[in-house]
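Next up: the structures, one after another.
Two complexes come next, and they have one chain in common, subunit A, joined by subunit B in the first and subunit C in the second.
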Partner chain A sequence: MATHSAGEHEHHPKLQHHFYSMGQQLEASILGMWVFLVTEIMFFGGLFMAYIVYRWKFPLAWEESSNQLNVYLGGINTAVLICSSLTMVLAVRAAQVGSRIGQIVNLILTIIFGSAFLVIKYFEYASKFEHHLVPGAHFSYVQHHVVNGVATEMTLPYGSQLFFSLYFIMTGIHAAHMVVGIGLMLVILAMSWKGKFGPKYYGPIEVSGLYWHFVDIVWIFLFPLLYLLGFHFGK
Partner chain B sequence: MSATPTERHSYLDAPYGLKAWLLTKDHKRIAMLYLMSITVFFAIGGMFAAGIRLELLTPKGDFLTADLYNKFFTMHGIVMIFFFLIPSIPATLGNFLIPIMCGTKDLAFPRINLLSWYLYVLGGVLAIAALALGGVDTGWTFYTPYSSQASMTNVTLAACGAFVAGFSSILTGFNFIVTIHRMRAPGLTWFRLPLFVWAQYATSLVMILGTPVIAITLVLLIAERSLGLGIFDPRNGGDPVLFQHLFWFYSHPAVYIMILPGMGVMSELVAGVSRKQVFGYGFVAFSSLAIAVIGFLVWGHHLFVSSQSAYAGMVFSIITMLVAVPSAVKTFNWAATMYKGSVTWESPTWWVVGFMGLFTIGGLTGLFLAAMGLDIALHDTYFVVAHFHYIMVGGAIMAFMGGLHFWWPKMTGKMYSEGGAKASAILVFAGFNLTFFPQFILGYLGMPRRYHSYPDEFQVLNVMSSAGASILAIGYLLPAIYFTYSLVKGVAAPANPWGAKGLEWTTSSPPPTFNFDEEVVVNEPAYDYKPSREAHVS
Partner chain C sequence: MSSADHAHPVVSIRLYVTVFVALLVFTGITVWVADHDYGMLNTPIALGIAVTKASLVVLFFMGVRHNTPLTKVVVVAGFFWLFILFGIGMSDYLTRDLVGMGR
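Coming up: the complex of A and B.
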């Protein structure tokens, strides 16, 4: 870096050579993450578009299929994710005020909440496989349920297979984003462990937090759109 | 400029060897890596074009079988669009010039820039694998339900290739946006930026907003093919036309990913060869953004005959015609810039003039196709083929070649053969018109696209077209020869061979690794040619 004229700039060890200052570096990384999240919105946007078109085409199938989902597990998962967002933002705050312990504790909690979400999702998926609700050759429109102790049989309307195709793709891609997020948190945790973040340098933990909140918000949209249609209770 | 002028310290002389190049974070080296890889894909795509034109020499399908012909035009489209045109100007000239034009040392995220090249290569390898395993026959548009249900070819592999290459495009756009927002040199305000940067900014917006939609669309297609999640499967109530909407929501704006950077190159070249400030700077800058925005609202004109309502068709038709307004603003402003400019007929000028002619024809025939009544007659004929080749080859590739000739001395530090360059520009212009103008007539007469045989009466025009294609091929082969020759035996280029304005001409040719020896401060508007022009007039 012979061309770098010394003296005018702060020389934080984390300042990359092509930035003038830590402030510019932080602003660039935060804008970068927001731009990336815009691309993510458009990515999920295609799915939401398909959802809108088919829900408009098959309103009854959407309602009946939504009733096949487990609203309790979905609700618990929503709460779990909101908690993880809280611990995430606390971790960012801890970095900004220079508390290493605060970062570590909150990041570990975030990872635990994120993993709990995936475990619950696993059990939900497993039950869909058992009930032949996975689209494809084994999909069954005829469903057997026990209502008030009486075994009943019902037939899902035409279009239900589309609902479950979208259900699996939307929640599947969301879950893939959760896996990436947890991986990211492990990296950030390792950096926090080594005490890399402080009031002067917290870009990576802040932008990872933005990503985490985004994945959380996607679920906040998915939950009502997939789970809360029609009458789940007392039907 | 340098403290030790005898010692060269360009980015090309920095530590070299395979490892230094493959792990480089220097935007200029990544631009050169891209340049080499897109040249390979241009050659591959060109060979398919040659196959198509050979087949169409005769009315009977006697060179390629119908199935093989389907694969030829599909692979021509996939390779040329996803692996040549979309990365062409942004990833090479854009990558090289944007940090320099912004007066900074590198793009905001150098490692992500390198990642984008690797993703591009990975996508390319997948596409070539699809090719080696027998090709794809769906057309580059991958329309369902043929692609999802019927085609027995390597659709999944090719779609994966396009998906991965899409991310390389997203990362390029993302890097440009952050760089242009956050990395400009002190004093370099938005309205002092070169128009190339404005055009790249508009392109990057299309890249980050459009490309994710094709990504998810391809995911849905792959999921339908491999997992049986039948989103577009009519048997489950799925709608194949939804695929077309999602596909064109990206793929129409993708046309602007190809042409907008070309327009940016044109603005630089027109100012550079006329030694004059671009006429109506603000209008040209904002017309780029207008094209990017309006470009997102016109995809339905690809679905005029796909069960779209007449009302929707009307709306899309009107908005499509609106795109002509900002495009015309640009064309007229370039012409006004050249008017009474000190135009010299150096090699970039020839490409500039060629671009303006071909792009105008391409743009005007676009208006024919935007008119719904006419489009129903011309849809899926050679008129459409000719129209988009005038935009993509006559527009985007002419601009790319012009830009390459303009900045080659800066990129490599070598001068190329002026005579060769002029010959190439003339051959490309003549060959291009001979190839594609007859196709307008063929389309008007009703010859449909994507067939390997045709009625005898179309043969004369088809032979003209194939003959033009061979001239075009020579026109494109020439630069490969004299550019390569210039690397070995070329005369060393001065810092500013064209006497042009712009930050890139203030640093040495080729630039040092960090672009400038001193930190840049800008205190003049873009294209500040006034003093030299006054000098010229007096």
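Coming up: the complex of A and C.
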């Protein structure tokens, strides 16, 4: 399958001795990252399974609780993550075409978008604490809202604490993945800064990008399932 | 062209930006759709859009369409196993009423 000219693969300093060519080495890294991502799919999959079971068991609690979340902040965060995925893929492309500046600029933008996501998430969490929507001793089923200028009181259905438990666990673990991703990007940024990547060798930036996009995909599912499910009932 | 020599060909910025715009448009559509009542269909529509968005990310941003068949099999198997989890899990809960076990 692989046609390589003799000698070519012996010269690149980044080619590990057990690989045949730079291309084979890159594909092996990508495969390895995907095997890890499959374990991540199952990890988040268990939480989505719990979400499905309890949504089936407490459909009303899911709808009413979902409406306590801020759709606009959730939507903005979705857009922020999509922007970060674009800059991530452009950083990989910059490495492929040998642009050091392109990698640095796009990696910094990726880190900024990732951090912006976490800042918005902080404000969302803070508001949940203020409204006593964090499961536990201080959870309040009675919620006060201002609808069209009129102060209204509503009572959340039984099971709402389960929704918020899953909300905090799923978004919390997702946010933890974002923190790890930003740390990863800082390491990759340092490597790009030193000019380690080029058209022949860009495995680390490519593989880190796979992880970043995966975290984006998890959010693509979390946003409609957590924020949007009861949106049309809020009217 | 051997796949092992250059696993990912350089893709044009225009294509990446097109996928990016498509992802933003789908996000807008999913919010718009959620604001309307389609009865039982709201969640299937939302999931359909989410799966479409995820597929765009996997195929274009993660570049799986350029990977070797082995990598593709691993990716598909990962999602396939997820559906086994959901399928067998819910085959229990959704049939409890049929055998009079209740919820």
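Worth pointing out:
The working rule: the second predicted complex is superposed on the first by the 222 of 235 C-alpha atoms of A that agree within 3 Å, B and C clash if a C-alpha of one lies under 4 Å from a C-alpha of the other, contacts with A are read in each partner's own complex, and residues count from 1 in each chain.
Everything below uses one rule, namely that a contact is a pair of C-beta atoms (placed from the backbone, for glycine too) under 8 Å apart; a residue touches a chain by one contact, two chains touch by 3 or more.
Because the structure is a prediction, the values reported are computed rather than measured.
After overlaying the two complexes on the shared chain, residue contacts for A:Val53 are found with subunit B and with subunit C alike.
In the superposed pair of complexes, A:Leu73 makes contact with neither subunit B nor subunit C.
Once the two complexes are laid over each other on the shared chain, residue contacts for A:Val35 go to subunit B and to subunit C alike.
Once chain A of one complex is fitted onto chain A of the other, the partner contacts of A:Leu15 are absent, as it touches neither subunit B nor subunit C.
Of the two partner chains placed by the overlay, neither subunit B nor subunit C lies in contact with A:Ile120. Of the two partner chains placed by superposition, only subunit C is touched by A:Leu225; subunit B is not. Of the two partner chains, both subunit B and subunit C are touched by A:Glu27. Shared-chain residue A:Ile82: touches subunit C; no touch with subunit B. Taking subunit A as the reference chain, the count of touched residues is higher for C when subunit B and subunit C are set side by side. When the two structures are aligned on the shared chain, A:Met191 is found in touch with neither subunit B nor subunit C. In the three-chain superposition model, subunit A touches both subunit B and subunit C at residues 1, 3, 24, 27, 31, 35, 38, 42, 45-46, 49, 53, 57. Against subunit A, in their complex, subunit B makes its touches with residues 104-110, 170, 174, 177-178, 181-183, 208-213, 215-217, 219-220, 223, 227-231, 236-239, 242, 245-246, 249, 512, 514, 516-519. Contact residues on subunit A toward subunit C in their complex (touch as defined above): 1-4, 20-24, 26-27, 30-31, 34-35, 37-38, 41-42, 45-46, 48-49, 52-53, 56-57, 71, 75, 78-79, 82-83, 85-86, 88-90, 92-93, 96-97, 206, 209-210, 213-214, 216-217, 220-221, 223-225, 228-229, 231-233. If you check the complex, the residues on subunit A that touch subunit B are 1, 3, 5, 17-19, 24, 27-28, 31-32, 35-36, 38-40, 42-47, 49-50, 53-54, 57-58, 61, 135-137, 158-159, 161-162, 165-166, 168-169, 173. Taken in their complex, subunit C has these residues touching subunit A: 2-8, 10-11, 13, 16-17, 20, 23-24, 27, 30-31, 34-37, 42-43, 46-47, 49-50, 53-54, 57-58, 60-62, 67-68, 70-71, 74-75, 77-79, 81-82, 85-86, 89-90, 93-94, 103.
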